[in-house]
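A short write-up of the structure that comes next.
A, B, C and D label the chains in the order they appear, each numbered from 1.
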Amino acid sequence: MAEVNLSAALAALADNERQIQIEAKDIRELFRKLEERYPGLEPVLKNDVAVAIDGVIYRDNWSKELPDDAEIFLMRRLTGG
Amino acid sequence: MQYERPKSLMDAASLLAGAKGSAYALAGGTDLLVIMKNDDFDAELVVDIKSIEGLDEIRETSEAYTVGAAVSCAALGESTMLKEAWPGVVEAANLIGSTQIQGRCTVAGNLCNASPAADSVPALVAAGAKAIIVGPNGNRTIPVEEIPVAPGKTSLEKGEIVEAIQLDKRAPQSGDAYLRFIPRTEMDIAVVGVAVSLSLDDKGLVTSARVALGAVAPTVLLVEPAAEAIIGTKLDDAALERLADVCSAACQPIDDKRGTIEFRKKVSGVLARRAARIAFDRAGGK
Amino acid sequence: MSAIAVSTTINGDEVEFLCQAEETLLDVLRERLGLTGAKEGCGTGDCGACSVMVDGRLVCACLVLGAEAEGRSIETIEGMANGDELHPLQTKFLEHAALQCGVCTPGFLVAAKALLDANPDPTEEEIRFWLAGNLCRCTGYDKIVRAVQDAAQELRGS
Amino acid sequence: MSFDAKYKAQDYNSVGTRPVRPDGVDKVTGRARYGADFNMPGQLVGRVLRSPHAHARIVSIDTSGAERLKGVKAVVTAADLPDLTNGDQTLFDILDNCMARSKAFYDGHAVAAVAAVDAKTAREALKRIEVEYEVLPHVIDVDEAVKPSAPVLRDDVFTGGVEPKPQTPSNIANRSEFGHGDVDEGFAEADVIVERSFRTEQTHQGYIEPHACVASMNPDGTADMWVCTQGHFVYRQNCADLLGLDVSKLRVTSSEIGGGFGGKTHVWMEPVALALSRKAGRPVKIVMSRNEVFRASGPTSATSIDVKIGAKKDGTITAAQATLRYSCGPYEDIWGEFGAKTSFACYGLKNVKSVGYEVLVNRPKAAAYRAPSAPMAAFAVESTIDELAQKIGLDSIEFRIKNAAKEGTRSSYGPVYGPIGIGPTLEAAQNHPHMKAPLGKNQGRGMACGFWFNFGGQTCTDLNIGSDGTATLAVGTVDVGGARASLSLVAAEELGIPYENVRAVVADTASLGYNDMTDGSRGTFSSSMATISAARNAVKVLRERAALTWDIPVEDVIWEDGCAKATDKKHGNLPPLTIADIAETAGKTGGPIAGHSELVADGAGVSFATHICDVEVDPETGATKILRYTVIQDAGKAVHPDYVEGQYQGGAAQGIGWALNEEYIYGEDGRLQNPGFLDYRIPVCSDLPMIDTQILEIPNPNHPYGVRGVGETSIVPPLAAIANAVSNAAGVRMTHIPMSPPRILAALEGESEG
């Protein structure tokens, strides 16, 4: 069971939930379950979200596994200069 | 646009005089080629004066030095003779732009561009320099401060060309200096420029002086009360304070992208103090 | 308007070209003669990326008309190496990693060579002020100044 | 992706050395080809007509005069770039910025373009395009733009991120909030609170090479483009989307790039060049002038930031809060959000809240600039931290060390940190001789910390072994600062061959799979990961070929020192096969030998730096001279230390320019006053001292060599470090960047700041 934290902007699309408990083995499954529970998140999960797993930010990697008890944080994607 | 490279001054003058549209003399070109980049620029004629015999020479007579209109500021900076006689003029000329600009720009061009911020002009004005002008109606020699009349405008008649800048030989115990303020250390247009030229008597008192300010008014200012503030003194602190106050008060600056009114007023006083001190030292003052 | 015929010398070779009156030397070098080593960073003499030598003087090619090249001798970055033998400045720029994007590099090399030809033993301050007309946005100038110092030392043979 | 990217400690042969870069000779001889150095046969000169107004409705455009001019081959307006964006707002904004549709939003906004046989004709053609404008009131200033009285730029933008959803359009495009705890409770616990407001002016990346491209579009829908860009795959995608091309039919070649720093991360006039080429039926070259670069590419945000931080007397920060307003130009972006995310990232805070606003103004569309948005936030926060330390009576480094984030700290932007480098950079600063050097009259020392995220992204690499055992490496990340040298080192390391035997090239979009652009400090981080993977795949093939040659099981073949070696004693004394031996017979053992890799290089790891700076302030003129500068930053592992140092020094220099003199200056008419290098004052050589660097190597656990991105963080601390130094030298707290001489002098004279 992972504890998924949402940034304020994303929480607004998920019934204002800042913390969600979800059982998921990887990022793809996490996204699928989030979409099922909060359809409002679907468009942003498609392209605009990065996943921080224990502090390390993953941008594009569905196959990344979520360790047990990992701290998951969803945030808007980054760009740089 | 037509490009001409006459061999004589008279040919140059008559080409310029005969142009129907706008016509420009090209010496260093470091201002002209910049405005040519502008999409609105339109000229009928450009007359390159660099092939005219003698225009790239610095000459010495018994009374004066003349700097030809095609002498680059880099070449001017290599003249030991001028560096000794008019170090402030040479250092001002050598502050224009970068090493690359120095390789092309000229003091005559700097003067005729008529920018209030031109670096060499306050130094020339303080030095009492004169411009030797040739034109379709004959030659004339006038003080350099009479050439720029407004930003970008000169008193030259159509067809007139500045052939050379004349600097008189100096009395002993004389010195000059130019300081400017720019936000960087190089590659900027003066926010404030101050030139001081002075002579001392045997006791070390200032007997004559000329103080000129740049970038603080539509044209370079010759500030006579500033000279009066230091004449008869050994540049004691009180005299320098008076000089600074007079210079600050003489400014009629504007707020623009390069500085504010308040800043220009304050800094012209500061630089006047510092430049006077350098000129005084160069004159052998103690 | 008819074109102007110009005869000049570039990197020791006699060259003839035609240009319009308003074309700059930089336009001619880059567009007519295929010498694209000089770069146009600003077109107004503020960046030094188009530095070349005209009759032994360092200038910005963007502030010289092509027609002015008549009868003059021009040196560009393309003439700096002697065949496949790089000039010591070129070698030192490589060894000191004095370039990142490299677009300012030809201008810096031409300017630095002009400095060392005139002053074989410049101080750091002299180097910095001489090169103040060459903008670099990548390096912070540190490695460029070191490369020039090192090349100067090598050229002096010490 | 089967590649194991985990860090393993090892000794290196090539990595960490400082060889000459492979593209070096081309660059010192003038042979390297940049954006404007390329020509196609029959090409036309393209020019863009730009709005002279800051804000105007385009009533009509009459191009007939230009079209009648002899030598003009095409004229395009927005009508020639129809909206194919299908509801994608980000893409539509790029399109609208490339060519204004109903309104011109800033001085310099493109409204039409021409292609003609030469520059003179193109220039004349621009004059013959008649645009009727209805000039509208404009707003330039970020604080003015948020006032209810301000002219509203867009009637389709409603503030996002607030509840309930607003019913009226606003220049505030979005609000975002980060943090945790309860700041009100935290401030109640504080013994000392410092609260200040700061402003920073808009700056430009200032790359020396203006944007340039040559575009050629064929009637069959295929097209080619040569362009200076930080990401040719991204440019291909943008252009294909905007022009309705099949992505794979547009081949984009990235030229050498003369600097980008974020400014060449998405398209500007490139789609216009393609549209002109499509209409003219000939290749079209567009080179921006420097004036156009300043007016119409993508500078960074101007900002207005309020900070409040409270601490106990023992130096524990109890609460920190910031409100950050970032200008975006006319289009919504995420610059305020980045500012809010990065503002307090260096510290471990119990109660923290940051709120970012995206503000629309009549300025060019803001683009990324090296660690985008972080320097301004760091300026505000690090200035406040310094003042707070002084009020409490603690040393500025001690105070920061006491509050620095560490492994396990919940970051202010949300996630909990893994192993991070802020503490070590502060300790290195504390022990650096610079901190103890004596200071003279009117001199002061300042220091500050900075943070940036870094990232990795999609990466594709090919490594081909030549018949003589040398290798070519094809990467898709544009080399902006020496990456080909670093990647050649990595390939040499993995293959066990000399660096000189590797040649790295940047492949075009038709020759390699998709790569994200070179931004987010990802070039060397991600492409080195892909290079290691590709090289290991090639080594696998090399071992197989050796096994075949020897007729032994591949499990008995190891790769060592650039050779295949048989391990088991039963194979007798088989002499090692060198890579050249194996390559020579490749045609008989199964054909060409290559290693390929495609991966998502995630796990870049956040980056921290601490800078120290000494300045001297002339109290009579307000002029500031940088006397000494030291950069301390964690690189994870420095692959080519010269270019790591170069990134540190370059970032510091850009930060120094930003801190002291660089700014966009607008007139009352909303026009940019200083679109050139004369009055947009980037540092020149004589402005700077040598810039000392100290590279820390705290391995990134998510990279095989421990590499972290290094390109961006170095621009984050300088604004604050210099502001703190000026404050210590002159005794006045500067709250407005740039700290130009008039601003410093005004502050010294006790006047209100300009």
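The rule is short, and it goes like this: a contact is a pair of C-beta atoms (placed from the backbone, for glycine too) under 8 Å apart; a residue touches a chain by one contact, two chains touch by 3 or more.
Not measured: the values here are computed from a predicted model.
When the C-beta contacts at A-D and at B-D are tallied, the pair with the greater total is A-D. Centroids built from CA atoms put chain B at 68 Å from chain A.
The distance from the centre of chain A to the centre of chain D, with each centre set as the mean of the Cα atoms, comes to 25 Å. Centre-to-centre spacing of chain B and chain D amounts to 44 Å, using the average Cα coordinate of each chain. Between chain C and chain D the centroid-to-centroid distance comes to 29 Å (mean Cα coordinates, whole Å).
Annotation for chain C: residues 20, 22, 43-44, 46, 129, 131-134 touch two or more other chains.
Chain D has residues 205, 260-261, 289, 677-678, 683-684, 686-687 in contact with two or more other chains.
Pairwise, the chains that make contact are A-D, B-C, B-D, C-D. Listing the residues of chain C that touch chain B in their complex gives 1, 4, 20-22, 24, 43-46, 48, 51, 54, 57-60, 62-65, 67-68, 70, 111, 114-115, 129-134.
Against chain A, in their complex, chain D makes its touches with residues 1, 160-161, 163, 174, 176-178, 205, 260-263, 265, 334, 337-338, 341, 367-372, 411, 413-418, 452-458, 519-522, 600, 602-606, 702, 712.
Across the complex, chain D meets chain B through its residues 123, 126-127, 289, 620-623, 660-661, 665, 673-674, 677-679, 681, 683-684, 686-687, 740-742, 745-746, 749, 751, 754. Those residues of chain A that touch chain D in the complex are listed here as 5, 7-9, 12, 52, 54-61, 63-64, 71, 73, 75-76, 78-81. Across the complex, chain C is touched by residues 18, 20-21, 23-25, 27-34, 36-37, 120, 205-210, 256-261, 287, 289-290, 480-482, 640, 642-643, 645-647, 649-650, 652-654, 676-678, 682-688, 690-691 of chain D.
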